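In the two assemblies presented below, chain A is common to both, partnered first by chain B and then by chain C.
Now for the complex of A and B:
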């Protein structure tokens, strides 16, 4: 099983890495077998990035804090929730493997490659490393903490893989109960696909039997101000024939926010967290005094 | 070599001699500052006196023009890409993972440490262009003056004797510190490159990107085995090494703006090329550079890139 925050005894490179990850702020860490990425398309597997890759080390964390979820200003979440802290930790661990153990390591780039495809799916890596399981809502959910961000690196260092978790974190017992009573779950009801939302699905025997997710619709709502928002605004600005209107569009709050969003200031990365806000998995970590 | 290298525990005193230890009361402070640099992620660190720039740069570009009363400049070098990234057959990996700004983080660690512990002013040296393409302070020159490396035939990149290609940042401070000497021995050309040059008239980097065959590099090595002449076509190199950065964004934006057909314009705005150019500007720092070939063939620091 992947580790969570208990202290570890340093008995192997894997234990040492997990310990460093947890000390560095990760909530969870685990190892996937580099050969287990059979669900990923060719050229998007760890060995395509690093020949001879044996393991994939995954770290998860940098989730919004309990206070972030608590804020009544929904725009607060837009500007604080981001994966770069956990990505930096992963890269640091990759360097540690090379410099201490002498094995090659390559960090999975957090962005996307050609055609908006990830280099290697970090979500798949998280599942194969035992850090979490796919959910009705989309994100990989850790059984203890729920939603978080993940980062990973491939390495030629052989490590004992954790493998996917035996039990799925989704649906939570509360969601099964709600499904039995109302025919929906908290996430499905907050963004129902048949009412203009993004999520659909069906539970059977307490397990997810069917799932539908409108990625395009979700992206258009979650990423209003990032590169797609910038491109959309730019296209509109260039198509505007009236000089005064064009000037107003350029200096508008919307366009300004798209610019903030794509710079290193990384403001307004995501604008919708509603399916995760209602998710009971990890809720106890979001409930404080 | 001049500066300290390796892990913090053997941060050493750079090029300082026992005589310096007797003469300079700040030797322990220098060691402390270097130790912070290495603990903060630096691979090498060197210190140069602020007036060492006098002989090399015009007024306005010296450390004490940027921070009045500056006495010392601490330069930190970091390996960017992991050895695995160099090994990857997917060249895009180097584009995205080629640079992780560890040198900037280390320099901020030093600057905070100096101000808080010793009470001297300390700032990160400005290394990005503020007018034209000229930075207020060259990090390449800073690396040379602090004894961390020397210029190479490969695009004038500063090569460190142990690691080869490194990324550099510097901290300017009013704190007087014992300094490291500049390297006496040129790092480039490597003896293997001298032998290759004698045989085929080119070094590995020149052969990877020959100026006379549409590439960027050319040069001559003298009988003494030192660089006699060096040619670097910066414009050509930039157009190849930075396809998806600010330059490509500006270039493509101009084309988009000048496209009268709104349908075509939309296609250009949403194209993969423009999306990647936007990503390159973003905090994801995607596609910071797209060509590492002259460094890939460089034998200096190769041992550090060969792992299991």
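Now for the complex of A and C:
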């Protein structure tokens, strides 16, 4: 086939979007059926954001660099490992669908609604689009790359859905081996729910059989210095009757850091990566010279 | 619900039940678990129907209760936890959590 005739071959809108996504920096991309979000609660499904939505396009990427995982200072990841970049790419693709193909598109906001819940679960979208599977620790893991950020948009453009992956990326073979020998896994060992952590669970026949997750405690770690931390600090400050003590609290390192953090990003930012730091899935991409 | 917040009396009356039903601590929540193991939490609307109060009140109580679940001390423990976990990983790699099965 000549170059000119190759150029005349039409690609499907889905293929075009995947190519644009990969060129734009995504590591993975896929399509979920908008009607497949049955596990999501009512009013948190794609059609609640865009009536008539047929498809959900998902992009994944912006994972922390290998060096980020090796740094002894975890605090830098708060501003270098955020979902903004992948969300911007998703919104760009949503614009492309409207301009080029003439179908409605609405990006899933990465923050939360007034009930502190996601507008639509991007994690569920990533699973239904074949980009990854839920892990014992919680985040959706891609079998090749492990942890990354995801973003998605709903559209009335019909596209062939990819569907969830056949195999789960979690637990990794190393984790199954560790479970059989020690009764724990790297993520459970790092943040055990029965010892002041967030995660509990059990493997059976090499698969996750049970899982417990203290999301209130996880909030104190992931949003350590962000809006929840600000609310906790402000509550303490307003309850303090002594003027001098109140002044010390307002100018404290915790409150100052929280205020800085709020200015860094207007959407979701993670401030705890410890369960993912020790996750073996995708470790080949985190091991450099 | 004047000014968008519930009275402290209303909050105290329902917060424990709402936290339990909404699964502030999730147990077998994920949808990929077998159906007989899965125990998803209730939505605000479902809780409102069970408790006989309106959905907006349930949402308000849940949001406040989730934030008040842990004292601010937990936020400072979080800092200690992350510093230690990050430092241990820098020193020992993956073997910081399992010395036998994963290489550094």
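We adopt the following convention: the second predicted complex is superposed on the first by the 273 of 289 C-alpha atoms of A that agree within 3 Å, B and C clash if a C-alpha of one lies under 4 Å from a C-alpha of the other, contacts with A are read in each partner's own complex, and residues count from 1 in each chain.
Basically, a contact is a pair of C-beta atoms (placed from the backbone, for glycine too) under 8 Å apart; a residue touches a chain by one contact, two chains touch by 3 or more.
Keep in mind the model is a prediction, meaning the values are calculated, not measured.
When the two structures are superposed on chain A, do chain B and chain C clash or fit side by side?
By the criteria stated at the top, chain C and chain B fit after superposition, with no clash.
Is A:231 touching anything from chain B or chain C once the two structures are fitted on A? First, second, both or neither.
In the superposed model, A:231 contacts both chain B and chain C.
Between chain B and chain C, whom does A:98 touch in the aligned arrangement: first, second, both, or neither?
After superposition on chain A, A:98 lies in contact with chain B alone.
Using the touch definition from the top, say if A:285 reaches chain B (first), chain C (second), both or neither.
A:285: touches no partner chain.
Look at A:114 in the shared chain and tell me whether it touches chain B only, chain C only, both, or neither; answer first, second, both or neither.
Touch status of A:114: both partners.
Of the two partners chain B and chain C, which one touches more residues belonging to chain A?
The partner with more contacted residues on chain A is C.
Which of the two partners, first being chain B and second being chain C, lies in contact with A:214: first, second, both, or neither?
second
Is A:106 touching anything from chain B or chain C once the two structures are fitted on A? First, second, both or neither.
In the superposition, A:106 contacts chain B only.
What angle, rounded to a multiple of 10°, is defined by the Cα centres of chain B, chain A and chain C, with the middle one as vertex?
Roughly 110 degrees separate the directions to chain B and chain C.
Based on the superposed arrangement, let me know which partner A:246 touches: chain B (first), chain C (second), both, or neither?
neither
For the combined overlay, can you note the least CA distance between chain B and chain C, rounded to whole Å?
After superposing on chain A, chain B and chain C come no closer than 5 Å at C-alpha.
Let me check the overlay on chain A: which residues of chain A are in contact with chain B and also with chain C?
114-116, 231, 235.
In their shared complex, at which residues does chain B touch chain A?
41, 79, 82-85, 87-90, 92-93, 96-97, 100, 256-257, 262, 265-266, 269-270, 272, 274-276, 278-279, 281-286, 307-308
Quick one: which bits of chain A touch chain C in the complex? Just the residue numbers, please.
Going through chain A, the ones touching chain C are 39, 41-42, 69-74, 114-116, 124, 127, 133-134, 168, 174, 177-178, 181-182, 186, 189-191, 196-197, 208-217, 219-221, 224, 228-229, 231-233, 235-236, 254, 271-272, 274, 277-278, 280, 283.
Where on chain A does chain B make contact in their complex?
Result: residues 43, 48-51, 84, 88, 91-92, 94-95, 98, 102-107, 109-116, 119, 154-157, 226-227, 230-231, 234-235, 238-239, 262-266 of chain A touch chain B.
Report the residues of chain C in contact with chain A in the complex, numbered from low to high.
Within the complex, chain C touches chain A at residues 24-34, 37, 43-45, 59, 62-63, 66-67, 69-72, 74-79, 81-83, 85-87, 89-90, 94, 96-98, 100-102.
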